[in-house]
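Look for chain A in each of the two complexes below; its partner is chain B in the first and chain C in the second.
Moving on to the complex of A and B:
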């Protein structure tokens, strides 16, 4: 398990002032604690400049934290980065990080050699990876002739070449079309759930985080501001309930009656009629009352359900509050 | 050691595929020193070399004298360019992946230098050997000093390449070294004019380039028939240079990793 406690990172940058340069301290990460268990997908969210990339760089040992504790399976990752490097890999979005003039096979072979993988195992693993990412038959094709999606698939294979226990995915679907993105999400899910890898994912696509992540950490200005599952985050953020009620043959009389009854239960209730039905925003749970009212009044319910806020709404709300 | 060799071989292969993908490159790598060599040769024809104070230059062997200079220079010059090329790994993001892996950094740098060395000199070397055979009456050499010197030059050139690679790793702003080391190395190492004819200030500058000792030793061995004993001072200096280079490389590799982990400049380009 990865345990990071109170990680901080301060960069020292030189700023030109006329002929002189001055050193300035920039605190990219102020205080971040997180955990990643094997078999889980953990999301790292934040607005631009929140410290996501710096956090990933620290967790992958490419950056040394200025302060904090970081252990991976009880190994002190700050003191023994080489031990950590054997267990991890990183996949980033975009078309960099592969050798374009080499073939797909040569790329994987090269990176496999850097991890001192025995040749027979590496050969077998590369075959399996080509199968996994759907690049079978393209092994000996130079990468420069690949489409963006194919390059990204190769990136995934490259990130798995050392069979890492923990995988860091930094915007892995950026710029990819819907089909390839979906495939990638399936791969990620498979890696976590079937191959028991611990995965940290950053993405600007909320749907992706919502679909994949078991747990989410939300960063703002280098600080961890919220954490939890999608549902926990929504519950913490949105204290009111949203319902959609759709009744057959809704008339103004029905709506007026509904408003009167609901206002008597919760004076703060907000009710509005829209094309898809009646939207009800209440302080407390109303599902029982709504079905009871419809039964008593003899209204036929077409649909009635609680509308859970999507992750995007939650993040937007949290962003407004901070 | 097994891991070191695996990385070394993988890096050599990758370098070959990545940078020497086209046969045209071999021609360009050969053509430039060849043109320079021809120009210098005809420039020398305007002087009366019989009056030269340098013991191993005569009117008859000037072509071999210059050829040795250019041949040995190609060992070292190509490495400055390859180190500069190595900095592109930073731009493509692959350098970050190399540092993400637990591999031996020295093996990567050595593999890169060795690949560049062989790829860059092979045509020039073949041409030079052909010319030496053609002008064999001007050659006065013993086999053992030739072999020993060749091995020393190979080791020194590879380490020089590693050293330059390690400096290019240190900072994205190391490109100035390309300007500093390319032409001055050719001028001050005695490729064209022997260093013993230099004024004192230029002699001081020539001391810092390993190429100076490599050229001087090769000329003495091939043109004067010097034995290992005769060139013992040059061998001794070369061994000192090799030790200094190895120590510097190890220190720089260590510092680079610490520095990049502090600054995160591995991804800045």
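Moving on to the complex of A and C:
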């Protein structure tokens, strides 16, 4: 398991002031603690400049934290970064992190050599990876002739060449078409759930995070401001409940009766009639009451469900509050 | 030292160099050697009319100025190529967007730089061999060469070039500049390392500087074995001096490089 506690990172930056330059300290990450368990997909969210990239760089040992504790499977990752490097890999969005002048095969072979993978194992793994990312038949084609999507597929293969125990995905689907993005999401799920890899994912696509992540950390200005599952985050953010009730042959009388009964239960309730049914916003859970009222009154329910806020709504709401 | 990693880096660099730089680059490098020799030949024959100052022999133990310049120039070509390939390796990775992928892998830096060094040694040796044949009509005479001494001197000199290239690599990666830093250093090395004239002709303070650059003694070692026929036993002190000086450069280079790598990684999206 990855455990990071109170990670901090301060950069020294030279700022030009006329002819002179002045050193300034920028605290990119002020205090971030997180955990990644094997078999889980953890999301790291935040608006631009929140400290996501710096956090990933510290977790992948590319940058040493200024302060904090970071362990991976009980190994002190700050003291022994080489041991950590053997267990991890990173896939970033875009077309970089691969050599354009080499062929697809040569790229994977070269990175395999850097990870010291025995050549017989490496050859078999490369074949499997080409199958997996759909680049079979393109092994000996120079990367510079690849399309953006193909380069990204190769980058995914590169990130898996050392069969890492933990995988860091930094905006992996940026610029990819819908089909490749879907394939990648399916594969990320497979890696976590079937191959027991711990995965950290950052993405600007909320749908992606919502679909994949078991747990989410939300950063703002270098600080962890919220954490939890999608549902937990929504519950923490939205304290009121939303229901949609659709009754067959709804009349004004039915609506007036419903308002009177619901107001007697919760005076703060907000009810509005729309094309798809009656939208009810209440302080407490009301699903039982609503079904009981309909049964007692003999109204036939077409639809009744609690409307869960989507992750995007939750993040937008949290952003407004901070 | 892991041979698998070293071979991987060697193969990758050879493939990249072969695809990135066609034959014209190879020809261009040979021509650089030729132009340097040609320049010295014109200066010596036309400007100075074949006359050397009286102390030239005292300082160099030879009156063969053309041989002196040709060996110096070809050795300098080696220095330049080592610096171009080894020093620029990480900043090239940074520019091509592969530095992060590289740094994620658990390899030792020494394997990476040695791999780069090996590639350049192989390609430059081929260029130098061809340049040697071109240089013969200009008066290069290698009849006195001490082969065993030359081979040892060659490897000791390579070690010296590697040390200097590590320091230049740190400067390049930290400043993210290749052109100003490399060209300034190349001009400085050409002037002070005894490529076309003995360093004793330099002002005293510059002569002291030259003594602290391992390339200066490296060039002397190559000349002494190739032109004067000196053997290993005659050059033990020089070997020791170059080895100690280069080791200091390498230790400092590797130490500072770690910090420069971090600074470079901080700057990516930072």
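Throughout what follows, the second predicted complex is superposed on the first by the 322 of 322 C-alpha atoms of A that agree within 3 Å, B and C clash if a C-alpha of one lies under 4 Å from a C-alpha of the other, contacts with A are read in each partner's own complex, and residues count from 1 in each chain.
As a working rule, a contact is a pair of C-beta atoms (placed from the backbone, for glycine too) under 8 Å apart; a residue touches a chain by one contact, two chains touch by 3 or more.
These numbers come from a predicted model, not from an experiment.
Enquirer: In the superposition on chain A, see if there is space for chain B and chain C together, and answer fit or clash.
Expert: Aligned on chain A, chain C clashes with chain B.
Enquirer: So, does A:259 touch the first partner chain B, the second partner chain C, both, or neither?
Expert: After superposing on A, A:259 lies clear of both chain B and chain C.
Enquirer: Just checking: does A:57 make contact with chain B only, chain C only, both, or neither of them? Give me first, second, both or neither.
Expert: After superposing on A, A:57 lies in contact with both chain B and chain C.
Enquirer: On the A-aligned overlay, A:69 touches which partner chain: chain B = first, chain C = second, or both, or neither?
Expert: After superposing on A, A:69 lies clear of both chain B and chain C.
Enquirer: Of the partners chain B and chain C, which touch A:110 in the superposed model: first, second, both, neither?
Expert: both
Enquirer: Would you sort A:316 into first (chain B), second (chain C), both or neither based on which partner it touches?
Expert: It touches nothing on chain B or chain C.
Enquirer: So, does A:85 touch the first partner chain B, the second partner chain C, both, or neither?
Expert: both
Enquirer: Give me the intersection of chain A's contacts with chain B and its contacts with chain C, in residue numbers.
Expert: Residues 11, 54, 57, 60-64, 82-83, 85-86, 88-90, 92, 96-99, 101-102, 106, 109-111, 113-116, 158, 162, which sit in both footprints.
Enquirer: Show me the residue ranges of chain B that touch chain A in the complex, using the header's touch definition.
Expert: 2-3, 6-7, 9-11, 13-14, 17-18, 21, 92-94, 96-103, 108, 258, 260-264, 266
Enquirer: Which of the residues in chain A come into contact with chain C in the complex?
Expert: Its residues touching chain C are 11, 28, 53-54, 57, 60-64, 82-83, 85-86, 88-90, 92, 94-102, 106, 109-116, 119, 142, 158, 162.
Enquirer: Looking at the complex, which residues from chain A come into contact with chain B?
Expert: Per the touch definition, chain A meets chain B at residues 11-12, 54, 57, 60-64, 81-83, 85-86, 88-90, 92, 96-99, 101-102, 106, 109-111, 113-116, 158, 162.
Enquirer: Spell out the residues on chain C that touch chain A in their complex, using ranges where they run on.
Expert: Contact set of chain C toward chain A: 2, 4-5, 7-9, 11-12, 15-16, 19-20, 96-98, 100-107, 262, 265-266, 269-270.
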